[in-house]
Amino acid sequence: MSLEISRPARDMIAAGQLFHQRGWVPATGGNFSARLSSDRMLITASGWHKGELDDSAFLVADLDGAPEDRSRKASYETLLHCQVYRFDESVGSVLHTHSVANTLLSRRYESIRLAGYELLKLLPGIATHDAAVEIPVFENDQDIQRLASRVNDHMKKVAMPAYLIAGHGLYAWGSTVAQARHRVEALEFMFECELRELENKR
Amino acid sequence: MSLEISRPARDMIAAGQLFHQRGWVPATGGNFSARLSSDRMLITASGWHKGELDDSAFLVADLDGAPEDRSRKASYETLLHCQVYRFDESVGSVLHTHSVANTLLSRRYESIRLAGYELLKLLPGIATHDAAVEIPVFENDQDIQRLASRVNDHMKKVAMPAYLIAGHGLYAWGSTVAQARHRVEALEFMFECELRELENKR
Amino acid sequence: MSLEISRPARDMIAAGQLFHQRGWVPATGGNFSARLSSDRMLITASGWHKGELDDSAFLVADLDGAPEDRSRKASYETLLHCQVYRFDESVGSVLHTHSVANTLLSRRYESIRLAGYELLKLLPGIATHDAAVEIPVFENDQDIQRLASRVNDHMKKVAMPAYLIAGHGLYAWGSTVAQARHRVEALEFMFECELRELENKR
Amino acid sequence: MSLEISRPARDMIAAGQLFHQRGWVPATGGNFSARLSSDRMLITASGWHKGELDDSAFLVADLDGAPEDRSRKASYETLLHCQVYRFDESVGSVLHTHSVANTLLSRRYESIRLAGYELLKLLPGIATHDAAVEIPVFENDQDIQRLASRVNDHMKKVAMPAYLIAGHGLYAWGSTVAQARHRVEALEFMFECELRELENKR
């Protein structure tokens, strides 16, 4: 495996093991990618358990989602990764997780407002806890192309540090796999807080 | 240990370690099996902790539950495994788990309806999240033969991707140990969601 | 370390690692022992973290709690272990855990009734899930001798498979460390169920 | 790495791994330090994940927070560590964690009262469970100097075994890293109990 690929692969393998330990990538849920260049990415292949990835679990695809090796099948949500890389060239990695907290909140709300958390500072463009962000929730859709355009249209209107798909999970990103992973950790932490707050507020 | 046996044994040992880490096989709870042929299966022996299995924890039995080595004692729920293999010859593995979520839901409801979860796609014959499945709950019974016939009678009437026994746990299956394990992960995830939803809906 | 001691020590070290992973022995909470003979036991020394035990963490004491090596200090709850060994000579190990669930239930109730759980079969003298047991809760007391006599007086009147100390934790036992550990796992599982049931029943 | 430094570094690395496994140091949350002398400390550098520390993750600073190696950047909350070391010369380690329970309680209350827990005995100056302590909650502030003085002013008036910052986390300490870590474990355990009690009391 080339050096270009082995570093992001190694970081995504480690992220998958952590997310699996947390219960955020059940079964074959979730998928991960890292940008290799202006028009290529490394992305998890279809059907792998994200807690048990190895080097052969990844494939190289262009930003239309076409694998370089046509005999391989990319994760069926590849186009959602492409959308982020194409929308923002500073994005170096996109990670999708599937936790109990993000599933329940995304089934209940059309948008999640996060305010007053120190961990907000992990999100892009936020320098203080004394801020609020809205994480939009998109309706789930098996037509990924259509879902990707809906996300894209919304991103053009409103800046977002991440988004949720109802009953399906979180998409978050960063300039590196490490930064994207830290944002996933911060967001999942705040989602768990929001869910338990809800259990208390009733 | 023959190659025929070592592969499914290895996969069940790994599944047991994962389920133990999750708290889904407390004490000696749970049991696992894999089909070896049209009329033989490999199944966990009685009394083992499912998080601490090794090759000697399994025995070969026929689909009436009789061990090939009559000196060994199969898990006392062996007949529930036999029922599934005999009912559907495409089933290659049956896994039984015992989680807090499946215990509480199975004590409370006569059937669990799962709808709107992306993970439903892991279950047999479901291609979209926009579906609903019913997981039946059977009353617990120390007479396993009688319980197995009740399950069998119900399966003849209604297709089910898995079932619960009240206060006792989940039975799920697949064509391989890996697929059965992924379905257990998906179902336990949705059960945990349902239980927390319940805590929120009150 | 003699063979007589190394086997139970090894089993208690492993039990401690599991209980720590579960969060059942926070800080220096919990303590473990195993009977060596009719009048001697191996017990955890004072002040050790139960998830980080090694061979030097144990000492030999008589059933009055006096260490053979008078320079060592036994766990300050040693007399509670002595009480169980003296009350029932079939007991080979006593394990004390300190979980969130057993702490909250023991602060709230004077006795915990467990019924309809398959895991009840792990407890002494129960052959079916269709049974109920009462786990008594004793008021906490820094005078361990007085607490031990209160437990002893109650045991003479009522059989119990285990007991709780309010805000302090669970004492459970078995003929071996393995059996005692399985009973702890079963009881902690049922306590967690009871606590979440409570959250749902409100 | 000198022996003076390698021991506390090793203990903080292990504490970080435990806290990460518990979910108490999400993303780059938390920070740890150990006193090296009357006027020097070893503290985690800025930006590290506290579950993935190695020897290079620490730097030596004086008790004004100035790194000996001016090319390095200390954790931005360094002054909160300095405040504790300067206030109490018996303190040998300060650990800051960021759990769901301490975040939710610190957002909700101005002070957390802990009473009737056996684990209270882990806290300084408490010899029995039959006691109560108040853990003060300070409003979060990105001006760490100002926050540190507010903490210092309060400490002069009221003894406290630890404190919380709203939406941000716990600061606890002890004479050694081990003792500070045990107090964190005990406090996080009691916070989780308080949070679940709250869910039950509603």
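Each chain carries a letter (A, B, C and D) given by its place in the written order, and its residues are counted from 1.
By definition in this document, a residue touches a chain if its C-beta (ideal position, glycine included) is under 8 Å from a C-beta of that chain, and two chains touch if they have at least 3 such contacts.
Values in this document were obtained by computation on a predicted structure and should not be read as measured data.
Peer 1: Validating interface symmetry: for the copies chain A and chain D, is the fraction of residue numbers used by both over half? Same or different.
Peer 2: At the contact between chain A and chain D, which are copies of one sequence, the residues are largely different (under half shared).
Peer 1: Using mean C-alpha positions as chain centres, tell me how far chain B is from chain C in Å, no decimals.
Peer 2: 31
Peer 1: Using CA atom averages as chain centres, what separation in Å is found between chain A and chain C?
Peer 2: 44
Peer 1: Could you list which residues of chain A touch at least two other chains?
Peer 2: As it turns out, chain A has residues touching two or more other chains at 21, 199, 202.
Peer 1: Hey, how would you classify the chain contact layout here, line, ring, star, complete or other?
Peer 2: If you draw each chain as a dot and join those that touch, you get a single closed ring.
Peer 1: With touch defined as at the top, which chains are paired up in contact here?
Peer 2: Pairs of chains that touch one another: A-B, A-D, B-C, C-D.
Peer 1: Note which residues of chain D are touching chain C in the complex, please.
Peer 2: Listed in rising order, the residues are 21-22, 116-119, 122, 127-130, 182-183, 185-186, 188-189, 192-193, 196-197, 199-200, 202.
Peer 1: Name, in rising order, each residue of chain D that touches chain A in their complex.
Peer 2: Residue positions touching the partner: 21, 23, 26-29, 49, 98, 100, 103-104, 107-108, 140, 142, 165-169, 195, 198-199, 202.
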